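Same chain, two partners: chain A is paired with chain B first, then with chain C.
Here is the complex of A and B:
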């Protein structure tokens, strides 16, 4: 087990290095003079002052050769320092640190909501396989899963904030602000959660030990609690892990719609502002988080289900 | 009695598949014949007629520039569906080629290929596409390229998995023994054995690619105005949701219905063909 984890961590380090490098060269290396482009983007091309361009070159080390810039930047990444934002002239990491708790709060609320609906629904679906409840839940979740997040977000805004005035349309000023974005994010995950939980539970119910338990005459309720639930735990872990992964990508859209001050909207702003250091910082941190969660899920899964072999990876 | 294949025999289990196929075929027909169905010129502005509610003249109302939302949705279907199909086909071809090759050669090549796949799998799709499009011009081709660049890995993993299984089957040994060339074996035995799984994957993928494209054009990537893409239209209507919600809602419903139709095919196929696939293929 330990060997497996160490091996996975080493592979992860390699992947993260490659991800950082790829992101760097994808985003950083733009044709033409970088400093001129920054000044152009920030001032809208109205003030192309030579001296300003020179100062920006100095401040962001843009006059050095690319490989020097790259190594300096990579050293910074190891210290969790992603440089200074072009747009805000502040350390990228400080801004990310300020935004990260908001995304975490939104994301965890959404995971909780979607697990609250999806896990029981998936279990019930499995217990009533091919019955009315099962079909209804499958069609309903498939339908909900096909609605893009921005549409459900807009519909929720129209109904609950414009018509009923229950929750604010955007921002994070009041306690109720989190409700609409969290529900929107959760709606996008419910389908996957329910489906995976149903499949996981069906697999457990098909096992021989369930037949034996039934033959022994154990009551159905205690059979489900003591046998089925324990064996469905790995599925639950996978479901939750996948959801957290989904949040990191899905938050870009939802945070943009609701102007939620999190990592996703920061990333989207960085794209529209061409704020390269900020963009790199966000992409790399999101990717790190995503990879770390995937690894964690695999490890917990292997720990919960001793039949999983550690050879792959 | 004529024998029908189990797949198309209507029963309770694959009613979803049949429904999905019917709806998708209908949507494809509408897309192909969209110029005949448009009631107005989709890009023609008509300012006196702006923000009109849905009526018999403008089925889904008009937008802030007085353009007919219904005609724009039809026009946008070509962009949205066309993009999704191109992305799925290209990423399937690329992924299958790399995956098969990797699994077929094995050894170090395989390891390197799989590590490359790991790198791409580390990115959430939207985040990767956002980062990649920063150095590309803002148009639909860039969007297609960026999504293909990350989407191929899912196909590569499946194709590679199949290739590894097939490699150890006895008939491959026999085929080598009777003097088939490596390329011959690859095309004659490996490819046909992978195709069915790749096709299932494609049918499941198309719904999510439609959603990704709409999300990304909602964020301002891809086709630029005045050319209508569904995501762009929804974004344009956001400022008017208080008084003219149809500008955003109508194209939003178009995205949802299309994605649902294709997702029904994917879900139905998953159930009808291979119950084991349920676990191995999961979209985010």
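Here is the complex of A and C:
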């Protein structure tokens, strides 16, 4: 197991390097240049002064060849220095440190809500297979999951903010601010969680050991919780792990709609403004989060299901 | 420990973490008691009876206000720091939070008025002297001195990229405790105007800790720093009892400035009563917002322009008749009424008529498609093969119209232009791209017309817009090779002229030449729309500031 984890960690480093390098050069081959974008932000596009552009180029070493810029940036990354954001004139790490907890808070709440709704619904659906509850839950989750985030977010705002006045429309000023963005994010995940839970439960319920358990006269509730649910759990852990990984980068839309000051809106802003250091910082963090959670899920999977063994092959 | 137990413990911990996370920052809205822990000033000199700054009315003598209300202002930018010596938060702390001030201020008519400085004069070709107001205290009780002002501006010169280009200040000498001499790199008559802008905000040296790290912004404004949540981009300021300008007569004890970059989200926050003042709602939502009795919708024309740049590197656009035809073809009033929902204005010249140096005695190129077609015929751009489209030198002409995505009005206007050009037989294609791509296309000569937007008062002087677009040594004119020698001369004379009336006359003369040339032409005037709570009083728009100013006297009705 230890060898497996070490190997996965090395692969993770390789993935981080590949993704960040590709992103770096992709930004450089797109039309336009960073210095112009910075001066545009500084002056609102009013005075694209050549001297100012030159000064910016010098300050951020943008006048050097791309490969020199790249190696300087890479050296910085090894020292955990992701550079200075062109747009905010602040260290990238400081900005990420300020925003990451907000995204984590939003994402974990959404995953928690998704699990809270999806897991019981999936179990009930499996137990009532092909009956009204099963059909209703499948259609409902499919419908909810198909609605794009921007639409469900706006509908929730109209109902719960503008009509009922229960929650604020945006920001994170009050305790209730997290509810609507978290529910919006969770709605997109509920369908997957429910379906996976249902499938996992149905698989387990068909296993021989369940028939044996029933024949032995074990109570239904105990049979379902201790045998069926426990054995169906590993598949849902994988799904939840992937959802957590996805949330780091996938909450851009929801964060924009609800003015939630998280990593997603920071990334969106970095792309729009050619803020390469910030973009790279966000991309590395998201990639790291995704790969690390995948690794963690695999480890947890093995822990939950002793039949799973990771070998060097 | 059994796995089952571990899973249970982890579940409980996760639930607790989520509840803790949900607790938020606990920022309250609505009314609350004012803070009373204002630091005692070191120097207790009473505020002088000199005139208050432009955004402050005469001190109310009737009664000291209770100041138990919270004014919440939504801004479009993301506030990430408050160290103005590094270019952070100047505009927001000057214009919305009212924590910082400048040496001079501009009123709505662009007159320069005293603020932290009471007198100023140009003492030489490249020297100016400013006399500071006596008895002004920073929020920590330290007095405003010439040393403090010099320190702040010197720090900006090191770290703010635009400082040197805009102010032209080379060095500052302290003459005495309240007098400063500014030495500029070029002869300029406009330093007092320039220092009224956000580039001239003054912050105390005590804003920094002894180890040189930034602590908090300490200014001289009517409100002082209370808190800043960088992760949520929320700045809070509370009323400063020792304000030199006296009591503005407001019951607002606290101002909360919150970043909401998305226009739709800002509108929803206004509708729900979460913010009291916000700017720039989506055009499509204005009709609904105007129906809401809890809101007050007000539209203003700003000094920002939507301007059309005609690429005179293209042979057919070197003919002034073609350039003028392309302007006569546009029905600006319809664009304003139908697409921009009345937000903005139709220009009578290059600049908004409210600006004292605007020349409106020029051809505004009012909508006249017949004249446009006549001019194109005269220039040899005709439909020779009868297919309905005009040709140039026997080949079909297809104009490339470009604009940026950044300003929401730009794509709308560009698409309307495409329709108008079709009506006069000109085929065109539109490209709506990021600003840096626009720059690339301009550098690569891959377009015919570029619709852009610029502030005419980013530096609030009569010569600024001329230097920005028309001066042949400026980057915009250089990109397309535009040069009008007479206009260049007028610009330099305008920059150096001390007499205000002569200065404005020179600016107007230059604008007349620019309008005739029709290379950079204002197509529309940019509009600002404010969605305020109906309870807001004392708010007014000033075109002379960078973003929008919320005066010290702005209040909330019960």
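Keep this in mind: the second predicted complex is superposed on the first by the 291 of 313 C-alpha atoms of A that agree within 3 Å, B and C clash if a C-alpha of one lies under 4 Å from a C-alpha of the other, contacts with A are read in each partner's own complex, and residues count from 1 in each chain.
Just so it is clear, a residue touches a chain if its C-beta (ideal position, glycine included) is under 8 Å from a C-beta of that chain, and two chains touch if they have at least 3 such contacts.
Everything numeric here is computed off the predicted structure, so don't read it as measured data.
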{"item": "Touched partner set for A:256, first chain B, second chain C, both or neither", "value": "both"}
{"item": "Partner chain(s) touched by A:101 [first = chain B, second = chain C, both, neither]", "value": "second"}
{"item": "Which superposed partner A:155 touches (first chain B, second chain C, both, neither)", "value": "first"}
{"item": "Partner chain in contact with A:272 - chain B first, chain C second, else both or neither", "value": "both"}
{"item": "First (chain B), second (chain C), both or neither touched by A:248", "value": "first"}
{"item": "Partner chain(s) touched by A:172 [first = chain B, second = chain C, both, neither]", "value": "second"}
{"item": "Which superposed partner A:72 touches (first chain B, second chain C, both, neither)", "value": "neither"}
{"item": "Touching partner for A:129 - first (chain B), second (chain C), both, neither", "value": "neither"}
{"item": "Interface residues of chain A shared between complexes with chain B and chain C", "value": "30, 157, 162, 256-257, 272, 274"}
{"item": "Chain C residues touching chain A - in the complex, by the definition given at the top", "value": "3, 14-15, 17-18, 21-27, 29, 78, 80-81, 86-88, 161-162, 165, 230-234, 258-262, 264-266, 268-269, 271-272, 274, 404, 406, 433-441, 452-455, 458, 467-468, 474-476, 478"}
{"item": "Complex contact set, residues of chain A against chain C", "value": "30-34, 36-37, 39-40, 42-53, 55-56, 59, 88-90, 95, 98-99, 101-102, 105, 108-109, 112, 157, 161-162, 165, 168-175, 177-178, 256-259, 261, 265, 269, 272, 274, 303-304"}
{"item": "Chain B residues within the chain A interface of the complex", "value": "12-13, 16, 115, 118-119, 122-128, 130-135, 207, 211, 214-215, 218-220, 231, 234-235, 238, 241-242, 245, 248-249, 252-253, 255-257, 259-260, 263-264, 267, 278-279, 282-284"}
{"item": "In the complex with chain B, residue positions of chain A that touch it", "value": "11, 14-16, 18-19, 22-23, 26-27, 29-30, 130, 138-139, 142-143, 145-151, 154-155, 157-158, 162, 192, 195-196, 199, 242, 245-246, 248-250, 252-253, 256-257, 267-268, 271-272, 274, 276, 279, 282-283, 286-287, 290-291"}
